[in-house]
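You will see chain A twice below: alongside chain B first, and alongside chain C after that.
So, the complex of A and B:
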């Protein structure tokens, strides 16, 4: 700046007000960028608005982008302006100004603005985690942020548009997800169907290693840990398909551990769940009783028999000394 | 030693270490690529394909003889092949005969006791099964011993739980490919291939000995308890 300043002074030209220039450029571009982000890009920001949690996350991403864009533009505009205006000119051999001075107002503004942004985002993020009942994230076995107006008054039946929330258990295993519906006889299936407009309580667990249940377009993500019930909430708001992926590296077929779910009208869900319950009745009888977590090797009386008899059993963890669990 | 010489030595040493690491990864960790058994050669359109497979408690064809393993019978030579990558024609009925020589275990998730994705959602079981013989749609692995291994293709919704033989059965297989004179069960089922694509399959009994919760070793190695159906037009 000093070189340009002194060059300008030497040439007899008044020094332009660089700060005002930069501020005007920044203001115009920042407003334009924020308008584009909010009104053009925002509605298409992942994960979309298929559910309440997805819509909340999309809103959060939009807010973060609207705040981040001006900051990023400020950096790049200053960078570009400096390269353009204060670059070394032909014949300019001067090595900067004679002295540097502090600018208290700039420093104070920097501290105040950055502190306000960071603290504001901390408060915003906390509110956005609490208000939408955990924002679709796993809250552990005893969730403290639950959807308003619903409860779990019945684990054996479900009627739409009542306070009794729909329960869906997600069972992860190497390498596929299955789903149990305790309010429909405890049936288990590889299909994940949900009714639109009805709150859902996911209970996520694992039968072996750590997985992560990520229903992408629903904005739901919860780790699946063995022997742990991880609860997450959402309310699907639009019908359509969504993708479920494992989001925790879990072995050779982790990349193939995905399937698809769908949000359907309430009547279609009721038809599907009734037909599926009937179709799987013979299988359901052989399943262990519904529980929030499973110890697969203990639910099987046969596995206990193997253990007591000193026999190896691949279905459980009752391995003989020749095959220690962790060699 | 000059600076140029020292840099050259350092570069050569670095390259040697990288090459050695690459060799170890490829040779010992990734292993050889299993061969593909082709069921499309000479196949007449519209005709079913007959495929014969076996699951053995041991194998004599690898450096890990205590790993359980699938084998498939070559449609050309009738020899048992140590391969789990099978090339099949699209939109074709596949008639499978599966010989099961391994003993039974309880499933970690009893869901995989249900036969799905086969013609009629059933399988035909015979031989010396610990569980039920005849037409079977669900195997309760917790009460009848039941399942030794499964043949599961998630992308096709196909799941077939093979009933195993009891631990107490006599004349069990000790060398794989197993001899038909040893104790075994026979499972027959059919399914129809979809359009062209690569469909991975696996066993859902965690039979990889004790590693990685039972899902390591044979469960995580192509050529043993997991593989691909390569469906071609």
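So, the complex of A and C:
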């Protein structure tokens, strides 16, 4: 932008230095806007900083906003200036100036500047994708970016603050989410609880159509595909509640497919998980063994059992014939 | 240059005796819309019977007792019957039978009836497209009003989830499939030959076929409501689409027909622009709007077949039980997502590029300056068109698809903002020391630049994987593409309409109403869609009928703004009807004092466009250039082209 104005000014006319004026207005407003964005707006930018991935997303939003605002301001200020200064005067039917000198230079400068910004953003985005373990996005069955220093040494037990990462399976179906904890006997709950400060490995899958697991404040989003295991990572850093919504259109009750989860202290998580495991022991026995993907036919027969037993779990619970098609 | 000579030779009438042509019959015996409807009904009944005859054994009774194959074949044969009834295959039949058929591509002036017939005149087809597109746009807009009505409250429902889902799907599909032709249809078909100095289109029958497929697609898409709609939105993801009821068949056939229409229109425009330019209309003098039509046509020809193929596979999955997209039978839902977005991302540039073309075309006229960086602008359109085929996986960043490719698709997606930025370079350069005239078309063009910048910059946020993890599939995305399509394309369409309607009809639109429409549309558009960015980031996914209670205030604000936006579209409608039906203020000359070749002939143009093929002498944007030649010699000396042909030794 500045380049465009400079070259125009270089055309040399005894008129006000439009380029300098535009540049000054732009500089003042751009600095002000960036300060407001970074210091006033930034800390409140969704999705917040409840987890590492959420904080990374917030940081990216803020960085992109700080770069985008001056670019947008440059265009808007230029347009506003042009519309103020270079309007047709009443009665003036003359055409404007033809080709001016320096046009090729302006074009070259524009291409160089925009390319530099864009390539810089691509580099920044790539770093921000790889460094924080996939940035909370679903990485498919073979994740390539993982949190540093953790692995899965045991699928049957979990101890906090070890290399053994906590695994949570998210099972989506029309139209609800359930969660299995393989390291706690493979129990399945309708409630997602996570310990603070511990890395989590989500395994997201679906029993029917494509859904998307969006833990909004946790900054995790991964599509739930039938017959596919989609892995996403995050580390909750603050305790509190978060909302889980389905983010991929999955049929009539898509809008009602949500529930809530919470991040709790490690000790509270351990007592919750122990109590729940005991409470759901009978239910867990009827479930198919833990697996990364499920064939819906194997468990659809369970729905009747759940209804008759009045059990709180939801595994295999389809939207059954007892529910109206339309409310 | 042979290619510049060719038009005159090709454009001579067929050289047959008029008595050879089919005789004129009374109106009710001539093929037109009424015979087309008759053909459609017969065709549908035949197709429905055929489907039940051959496919009665594998009916899929989910919620209805209809066989999907019968529905699909009913729609397909209904469309064929509609086209046959319109007489589209008549000339083909005459050709195959060795009988003479008309080669004259101009409709004699006068008569509303020609707009309801299959016609070979590109100007008639352009008007048909214009009226059709406005009707489709208004229909889609009414669905949008219904969506915003439902979203007035987070918990109490006006429509309920079922009807809401139908409405969402109808709105999205209507807008995405129909509006892909909103500029190429009316303005491309009408103006491209005029702007390049041609008397005709290359393939007038394909052109008319392309248009007459759109009413069929429109009716079939709307008919989905009779089957309870389709639950997938405009993207039609498998395997929700395989699970869905018969409304899905309507979506698949309708969008597929529109895909075919896009392919036909694309081929026609490409051939016309390459082969039918007047002498002197070099590539370096081609109007920037024609460049945009050229690039869009390439996109349509290359992208739409992928859509048609994907839909064909979905149809066979649904009817004859193939399993392309059914994972438990060895198919893949990713296959559909890839096919769809391989079409779907070029599709959004099919929607964006015509807008770039219109505003870049209009800007020099009202700045009274040459278009700045003409070559960069044209190259930018090509850059966007080419890159658009390499970005589709950014729609699948969270899908669980192989993450290795993510940095690459992030890079290509961000690269595409470089050629897109060129339209701002051309605009800002043209503004420099210009003499800006704030007419109604100019206001709409400026509105387009304002809105599209917000749309484009928000796209950079979406290309960044971490930011996209929050924004993907939320109202943020919704706001983003409404800024580019509604704020970009539709504002450009309005600019083009106010600019070119005097050209097409010889009637000018009311300027005061136009300005009122612009300001209401601009203000309420931004007031509707700007808050949606915030709503998306605060956790509102797309296509939901319920949302968090704390988002109600913003949603209500958006809904009220949307109703006002609908009101401003109503002002547009009133203006069009008032100006063209009641007031009819004639505007036969060149009201904008434009150098465009299309403005050098009378308004509306004579039936043959140009009495003689013009010889183009200079570029269309030489405003304020000293000693600039007139844009074209409309009455070149007889024999000039023939002698040039002889001297260059390319006599055919």
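By our rule, the second predicted complex is superposed on the first by the 276 of 327 C-alpha atoms of A that agree within 3 Å, B and C clash if a C-alpha of one lies under 4 Å from a C-alpha of the other, contacts with A are read in each partner's own complex, and residues count from 1 in each chain.
FYI, a residue touches a chain if its C-beta (ideal position, glycine included) is under 8 Å from a C-beta of that chain, and two chains touch if they have at least 3 such contacts.
Since the structure is predicted, the reported quantities are computational estimates derived from the model, not experimental observations.
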Could you say whether A:37 touches chain B, chain C, both of them, or neither, answering first, second, both or neither?
neither
Report for A:176: first if it touches chain B alone, second if chain C alone, otherwise both or neither.
first
Which partner does A:188 contact after superposing on A: first (chain B), second (chain C), both, neither?
first
Look at A:138 in the shared chain and tell me whether it touches chain B only, chain C only, both, or neither; answer first, second, both or neither.
second
Once the two complexes are aligned on chain A, which partner has more residues of chain A within touching range, chain B or chain C?
C
Touching A:209 in the superposition: chain B (first), chain C (second), both, neither?
both
Is A:280 in contact with chain B, with chain C, with both, or with neither (first, second, both, neither)?
first
Applying the touch criterion given at the start, work out whether A:77 contacts chain B, chain C, both or neither, answering first, second, both or neither.
neither
Touch check for A:107: first (chain B), second (chain C), both, or neither?
second
Let me test your reading of the model: by the given contact rule, A:288 touches which partner, first (chain B), second (chain C), both or neither?
first
Common ground on chain A, meaning residues reached by chain C in one complex and by chain B in the other
208-209, 251-253, 256, 296, 325-327
Touching residues on chain C, where the partner in the complex is chain A:
63, 157, 160-162, 164-165, 231-233, 235, 237, 239-240, 243, 327-328, 333-334, 367-370, 372-373, 376, 397-404, 406-407, 410-411, 414-415, 417-418, 421-422, 424-425, 428-429, 431-438, 446, 449-450, 453-454, 457, 460-461, 463-470, 472-474, 537-539, 541-548, 622-626, 628
So in the complex, the part of chain A that touches chain C is made up of which residues?
1, 4, 8, 13, 18, 45-47, 53-54, 56-57, 59-61, 64, 68, 71-72, 75-76, 78-79, 82-83, 86-89, 92, 94-100, 103, 106-107, 110-111, 114-115, 118-119, 121-122, 124-126, 128-130, 132, 134-145, 204, 208-210, 212, 214, 216-217, 219-223, 225-231, 243, 245-256, 295-296, 325-327
Complex interface listing, chain B residues touching chain A:
105-111, 113-114, 137-138, 140-143, 145, 147, 154, 157, 167, 200, 202, 204-216, 219-220, 226
Chain B-facing residues of chain A, complex
171, 173-176, 178, 188, 190, 207-209, 251-253, 256, 259, 280, 282-283, 286-288, 296-297, 299-303, 306, 311, 313-317, 319, 323-327
